[in-house]
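For reference, chains read A, B, C and D in written order, and residue numbers begin at 1 within each chain.
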Amino acid sequence: MSAGQGTGRPSGLDGYPVEVRAEVAHVRELVSRLHAELPRWGLVVWTAGNVSQRLTSADLFVIKPSGVAYDDLTPESMVVCDLDGNLVDGTRSPSSDTAAHAYVYRHMDRVGGVVHTHSTYATAWAARAEPVPCVLTMMADEFGGDVPVGPFALIGDDSIGKGIVDALATSRSPAVLMRNHGPFTIGPDATSAVKAAVMVEEVARTVHVSRQLGEPTRLSQDDIDSLYARYQNVYGQ
Amino acid sequence: MSAGQGTGRPSGLDGYPVEVRAEVAHVRELVSRLHAELPRWGLVVWTAGNVSQRLTSADLFVIKPSGVAYDDLTPESMVVCDLDGNLVDGTRSPSSDTAAHAYVYRHMDRVGGVVHTHSTYATAWAARAEPVPCVLTMMADEFGGDVPVGPFALIGDDSIGKGIVDALATSRSPAVLMRNHGPFTIGPDATSAVKAAVMVEEVARTVHVSRQLGEPTRLSQDDIDSLYARYQNVYGQ
Amino acid sequence: MSAGQGTGRPSGLDGYPVEVRAEVAHVRELVSRLHAELPRWGLVVWTAGNVSQRLTSADLFVIKPSGVAYDDLTPESMVVCDLDGNLVDGTRSPSSDTAAHAYVYRHMDRVGGVVHTHSTYATAWAARAEPVPCVLTMMADEFGGDVPVGPFALIGDDSIGKGIVDALATSRSPAVLMRNHGPFTIGPDATSAVKAAVMVEEVARTVHVSRQLGEPTRLSQDDIDSLYARYQNVYGQ
Amino acid sequence: MSAGQGTGRPSGLDGYPVEVRAEVAHVRELVSRLHAELPRWGLVVWTAGNVSQRLTSADLFVIKPSGVAYDDLTPESMVVCDLDGNLVDGTRSPSSDTAAHAYVYRHMDRVGGVVHTHSTYATAWAARAEPVPCVLTMMADEFGGDVPVGPFALIGDDSIGKGIVDALATSRSPAVLMRNHGPFTIGPDATSAVKAAVMVEEVARTVHVSRQLGEPTRLSQDDIDSLYARYQNVYGQ
């Protein structure tokens, strides 16, 4: 099943080893803090948007509760779900996008973080079902090519999750624009997925602005491959 | 009559029961605080924009005073009006949009909060008298379809209020774009109406950006109905 | 003569009555504080933009010094000039736009405050030498019609000041878009001129956005006159 | 050689005179602080963008480390490189753009500061390989004409540095738009180069907006020359 809304009383973490409970405490703090990056970079308004991170010590992930204002988010208000999206620990309902996060974790082993926003420019491309073309060196670096579009899907079953996984399985991009909906991004952890959410909005905005007054030049596939390989191998500390 | 500017000395709250005075104190604090959300989300400049909430314990509402800077708003500076827009309590003149708020409260029982802004993108659609088409799942969720346009109306009588009520009576949308003027939003309370003001600007901006480079796909009525029903029933805590 | 850059040693305020020196102290504080409104509302970057206010007790005005960062502005760093733009008091050179401010004060008795910015949207209209058409009720309220365009003029003599005065003399608007340059705004005091600078950018942006996807409807002259008369008479406290 | 990534153990500053070590301490503080101007003026997201300043007392420059978040930048985290881009002092890898900065310092004696960003509007012009035309007096003041475009160049050798130097050698502009990449700016010191980075985004945005609804008028070469000469000679304190 794919839930997204806990039913009945959550089972809690009492049955889990101490190292799991320690990781939960750490990841609650991290995921709570990372939510502040979404309004900071202008990716969300009001309570929209959510960040999750999968645990390494158990088949669980930590995600934002549903409909809580950013100012009121705390590590304690974050909720813990299993990979079917059932609430395991927490006093609030999980985000209404929990089923999509859960589906991604079940089907993409390398993914440890998922982010969803309705950021303006990425969502504008999504509403036209148009991939963002790779016309910037920073797109080659971060996305390794175009940012792909996923299908239109209604919330309530596995359609959104499956659409994300299918689109990202055939792309180097950590971001997919779900049609008429908005971007989902992935990464080895939540911090990487948040970075991808920030970057996909940045490139969606810059390429939009560029195309308003003409046609930007697409990078050649060789240049894209060269930039992507270098960036993924040597960037950072 | 429809006022919006108190004349003579306000009658004050002395004749009202203690629970009304307690609710006024609470709502003054809430409405004052909610005004800070308008500049926070980029919906207003200078002193433009106003929020009101109707009391549940009496036929009164609390609204922003006229022409006061956002930094200077306090619970004490908020004013209390009756449902004809007459000043009942407060040391300042009520917002020049008070008559429109009052008209809405008189004619829409389910409304407990009203917000008016001149937010850029919503007002840009209003200046073209063009509804925002429902091309995003978040529009289906929040607005249940297009955001409608209301008539051009001059300030000074009930024209604006009547225009708002007529447009919203035949729509699921909590927002209306008053022609050549700007958005008005409603909700069961002021917080919901502020949320609608934030969301109408967000969708007006996103759909504007999307249409700048092509035509976004409209959602089918079935999908809109399905998303709206789900969101209104299960979202939040 | 029209200066803008003090030459030689300023004469200082010693020869002025105590009430003038008291007004200078007050206006230095006001003008310094009002400069913070320019970056707050996104009207300026770096050190661009300047605010001045004329004294009521002497033929002097207080203006920003040249090339000082916003973070470093203090009441003490503000400079005092006479109506020919000569430095009277202060340890720094006056803004390079001082001659234009001085010209306005010499030729428009009712003006007590002047503001100049290069705010993005107003400057964009100015670069096309195109007035902002009156398509919004808030434009009718604040500007009483279109925002006019002034001539192209080089800095260094009275050309800019004369261009401002000529354009505003035949308009109800407190703002003029100087061609290929940017907006200048006026008011009975510096606070009003700052408000006009905020509002001209707001309407320039909103009308720009509206026109990107079609043609907004112009208000009729009767409606403009009615809105303007009402707003100028009854708005505020 | 052109490095950009230190290899092996840095030699450190022990062999340098005390005045060099004193200047390094001062410039680390300055460069660290100037990085805060990039997010402040909306020029960068996440960890993108970098500022460097050349020493006057030795053939060394101070630059941002690679991949460090803006909140975590401190004077101590800044790194010192020689003019071939080799790491001399610091515990982190230098910015991946270090080779380009080093090339500029080796080939342009008058340059004491370099800044690189991917700011939205400047990068949008760069993606179309289109210079920003000089249609604003502030462009004549700051750039002395159009903002030029440099070639497309891959990271990893001297191509980017050479492209910057070749483009700027024949222009009065302190900014160049590197094709499909983004702006690089120069100045006599890092503060000036940061100012140029702020101003190039400002003019790229304003001219973009202006051209969206028509064609702005280009300034005559005589007017540009006159404005540029005046501004470079008399502006500031």
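To be clear about the criterion, a residue touches a chain if its C-beta (ideal position, glycine included) is under 8 Å from a C-beta of that chain, and two chains touch if they have at least 3 such contacts.
Nothing here was measured: the structure is a model prediction, and the numbers come from that model.
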Field: Homomeric contact subunit A-subunit B: same or different residue positions, threshold half
entry: different
Query: Greatest Cα-centroid separation from subunit A: which chain?
result: C
Task: Quick one: report the Å distance separating subunit B from subunit D, using the average Cα coordinate of each chain.
output: 46
Task: Please compute the C-alpha centroid of subunit C, do the same for subunit D, then give the distance between them in whole Å.
output: 33
- line: Among all residues of subunit A, those touching at least two other chains are 212
Task: Determine which chains touch and list them pairwise.
output: A-B, A-D, B-C, C-D
Message: Which residues of subunit A touch subunit B once you look at their complex with the stated criterion?
response: 5, 45-46, 48, 65-68, 92-93, 96, 118, 120-121, 123-125, 127-130, 152, 154-156, 179-182, 208, 211-212
Field: subunit B to subunit A touching residues, read off their complex
entry: 41, 135-138, 195, 198-199, 202, 205-207, 209-210, 212-217, 219, 223, 226-227, 230, 234-237
